[in-house]
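There are structures below to look over.
Paired with chain B in one complex and with chain C in the other, chain A is shared by the two complexes that follow.
Moving on, here comes the complex of A and B:
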């Protein structure tokens, strides 16, 4: 009896977590918690997009640039009278197309070059937003972006918007999980593990990385648009280099493998700036320190601690079972 | 003003900005070439150098040369400290090293904000007056930047090309393990290279402080420029950094004078894409052998 019976534990845990998240507006002490949870949902989507790119062995320092593009596309189209529910997807699509073009060119290079060019791209996106003021409103940004409405039901207030953001985030989470389990997901992981070996087994690793970059950046575009319709506002300052850095921090602190890492990272780091607000000015320093310390002492992220603990338990249980068998 | 004068002044401006970028890019590319770390915090050392100089020379009226020495020296110490505490642990680990450097950049920038506030400071000019050659005037304040940067680049080149430690650094850049087998103390070379790179950034900051204003946020822009330049010139290549820096400086100055500043940024990005497409190893870079 070595085989450990499949436990219903994870499913119960997941169901409980989703339940708590869904019921939050009813027991949250005030609206601010709902706001924070909504931001958390949007962050989760952005970090998952980044995680998909990282799954294929690349790191995008320009993630905010794609969110910015998505935000502006959706804001401009919906202000022209297009339904926001549609423009959200167009925003994701536009970001994905740009990523595909850019990725096809720059992903032939070694990782470091890719990071540098993706970073430069996000800076260009900010500059363009500032410069094309006749379209984008320049530094003032766009005010009065229409709210999302679903079959006439307008998501204007926080408690109404939150369930929609939660559904979007959970759908992204589920799709990411399915992607990781698909053959494409395996190819992505193999590419990250050893690009040359993967290439030699007949997989076009360049294509795999371009696809991962396209999907990840498309999600960023969608999430950027979602946030724009929630806050009803976008400006060149909405997604700067430091936003890209904060998503990266969430990914690194949470963990880069699997879908649990991004969830943990977002849960830990989204409320952190609020908790540190009283420290005024110190908050960014603490943020930087958390990033560096995590890289030093938990390089695989907080989620890896859970995995280590679990596998240790499994080993303990298995050996206990073995001992029990040997004793007559 | 005649066209000629505008043209010459645009070139002088371009060379000045370009030489600053060269100083930034050389330090950046050296740290990458030797430690294999993409240092996102590089510009924060530029900021630290500029700030310390502004305080020593501008606010406390110390003599110029002493201010320069103290500002660069203190920043170099800061760099040594960061290498000891953080960067040493990530040597050769490109991805994690890069992320850690972002954390260091956050810490340094916000410490400056906490210590010195967010308002911009101006530094009195080091030198005034103009040099006039054949009816065309060159402000000395800008020529000093160009001359200072050239002196720094030439001395670095002598150091790398003609001294024992320079030869050791080149060996480590080529192959750290083989260098160690040959008896080079790699553990000494890493901090030396890092501190040298940081000092160049600090010196660039010192030179620019009297020309531009100084604030905790000035570090990011030159970091971005250093990235663009090393991609154009070839990551790890010092001559590439010089060529790329001057090219970007001139593009910026010409596009800024004749068209618009943001067009110049977009133009630079297109140059990067073109280089990546046509010559991925950079203009003067060597093809890297994959391990």
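Moving on, here comes the complex of A and C:
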């Protein structure tokens, strides 16, 4: 009806994109591209987590903190002999539980206060990792984190790990898409757009935001753990404030509406620093310039270009229908 | 049995007492008008009843339950819905999506349902279409809410409130800022809603013609105090009310 028309076009596009992503190891000129794609998958999960929180109208500046917690939880448990495939999920769960508790208290704080407390959380996580050196190894971090093994098949090398990361990222993408279409996702979008009105439509917006924060941070915990088992290493420097900023940047450049935005943001910004590496000292300047240009000319993100095109079509259709109705 | 009972309600902001010891009752089927000069405390009273503000003292009972100070979202789920003074809509969502969002809390899907099927959306959109039809907005269903005219946006605001299927609907200045045609149109929509859905209504309004045309009972507030209540005819001829609006008659012609 009014919902997105089911045309075959998007499905063909999605299938083609997934196919290209899956076949990447076969046509990538060298291992570095596979590594970059793996990092892209992990980034995509983190940015999707952030997008879910933003969907309900909040900005988390502590996203890296949850990834760090997840990374350490999974590293420590698996080094004690737990299977990494299980500890990945425990890491996500621990991050989610922390987010739920923290969210219940701090989501009553509006706007900038929430941002500050989430930021403080990520700083505390880094400091704890540094100071509890008997457990976390302090500034040296944890070296020799066991690789993930699936039914005895060990994901040690890059070409082996990449398919697993891709499956995780695509699953997250699918679940996020399903979430956005569900009543809960609708409530989240409504809360972000007009919290007072949503509240007076009988929806507990505080609860909706806590749930979004919990889901998003849980995904961050899982992704942090995934990356730890991929790099086989974690330290307090793995997820600092600057990682939180870069996920936010990917989200803003890609777009905050829908699941396409995070995908575009990750696709553009994960390889960008590498592409600019040959420009020597200029890379940070060019990176910054790309950001500024994006914010100036496509403030709703690159993915919004698609939406603008779609809504133009929608308006054209609607007015055509109105004309058809009025002119017999 | 009254549907809504307000008893000795008081609300102060620091030293300012906005609502002072107000008591009144609304019966099922009433269309109650709440009038008073600017700053009389009408909107504050609304906010306290609907749960946006906590009362400083006194109680609000709705359907025999004490709802004083309870969060607004729970009050709405118990059947008391309200609109706001400004056009309160979701500007970037489509018109039908606006109304659909209003129906979510009364749906059976809850927070976890509707994850894998699209059935809930069809049900919700069908409900929303009924409401849009009642408000004469069916042809606008696919437009974004911000693309509507101001009058249509105000009507949409009422439609969203009605979508939660309230038994008591509180309207905060529904026709403020509308031109006479739009005001008359909204009044006739409200009359139709009341007839078709049997919703009890309370309305804060300055526009006297609308109040007199729609309401069967009127409550008058002045400086946070209830100064009169009765039928519209009684109110317009009440000397205390005239004094509150126009000041004391000092010059005799």
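Just so we're on the same page, the second predicted complex is superposed on the first by the 295 of 328 C-alpha atoms of A that agree within 3 Å, B and C clash if a C-alpha of one lies under 4 Å from a C-alpha of the other, contacts with A are read in each partner's own complex, and residues count from 1 in each chain.
Assume contacts are C-beta pairs under 8 Å (C-beta built on N, C-alpha and C of every residue); 3 or more make two chains touch, one makes a residue touch a chain.
Owing to the predicted nature of the structure, the values given are computational and were not obtained by experimental measurement.
Contact with chain C, but none with chain B, is seen for A:197 once the two complexes are overlaid on the shared chain.
Comparing chain B with chain C, the partner in contact with more residues of chain A is B. When the shared chain is aligned, chain B comes close enough to touch A:285, but chain C does not.
In the superposition on chain A, A:73 contacts neither chain B nor chain C. After overlaying the two complexes on the shared chain, residue contacts for A:39 are found with neither chain B nor chain C. In the superposed model, A:53 lies in contact with neither chain B nor chain C. Of the two partner chains, neither chain B nor chain C is touched by A:125.
By the touch criterion stated above, A:241 is placed in contact with chain B alone, chain C being left untouched. Once chain A of one complex is fitted onto chain A of the other, the partner contacts of A:225 are absent, as it touches neither chain B nor chain C. The intersection of chain A residues touching chain B with those touching chain C, taken from the two complexes, comprises 196. By the touch criterion stated above, chain B contacts chain A in their complex at residues 32, 38, 86, 89-90, 94-96, 98-100, 102-107, 109-111, 113-114, 220, 224, 227-228, 230-231, 235, 260, 262, 265-266, 269, 272-273, 276-277, 280, 288, 290.
The part of chain A that touches chain C in the complex is made up of residues 1-3, 178-179, 181-184, 186-187, 189-190, 193-194, 196-205, 207-208, 211, 311, 314, 318, 322. Listing the residues of chain A that touch chain B in their complex gives 59, 105-106, 108-113, 115-117, 119-121, 123-124, 127-128, 130-131, 196, 241-242, 245, 248-249, 252, 281-282, 284-285, 287-292, 295-296, 299. Contact residues of chain C toward chain A in the complex are 50, 52, 71-74, 76-77, 81-82, 84, 88-94, 96-97, 100-102, 104-107, 109-116, 118, 120-122, 124-125, 139, 141-144, 160-161, 163-164.
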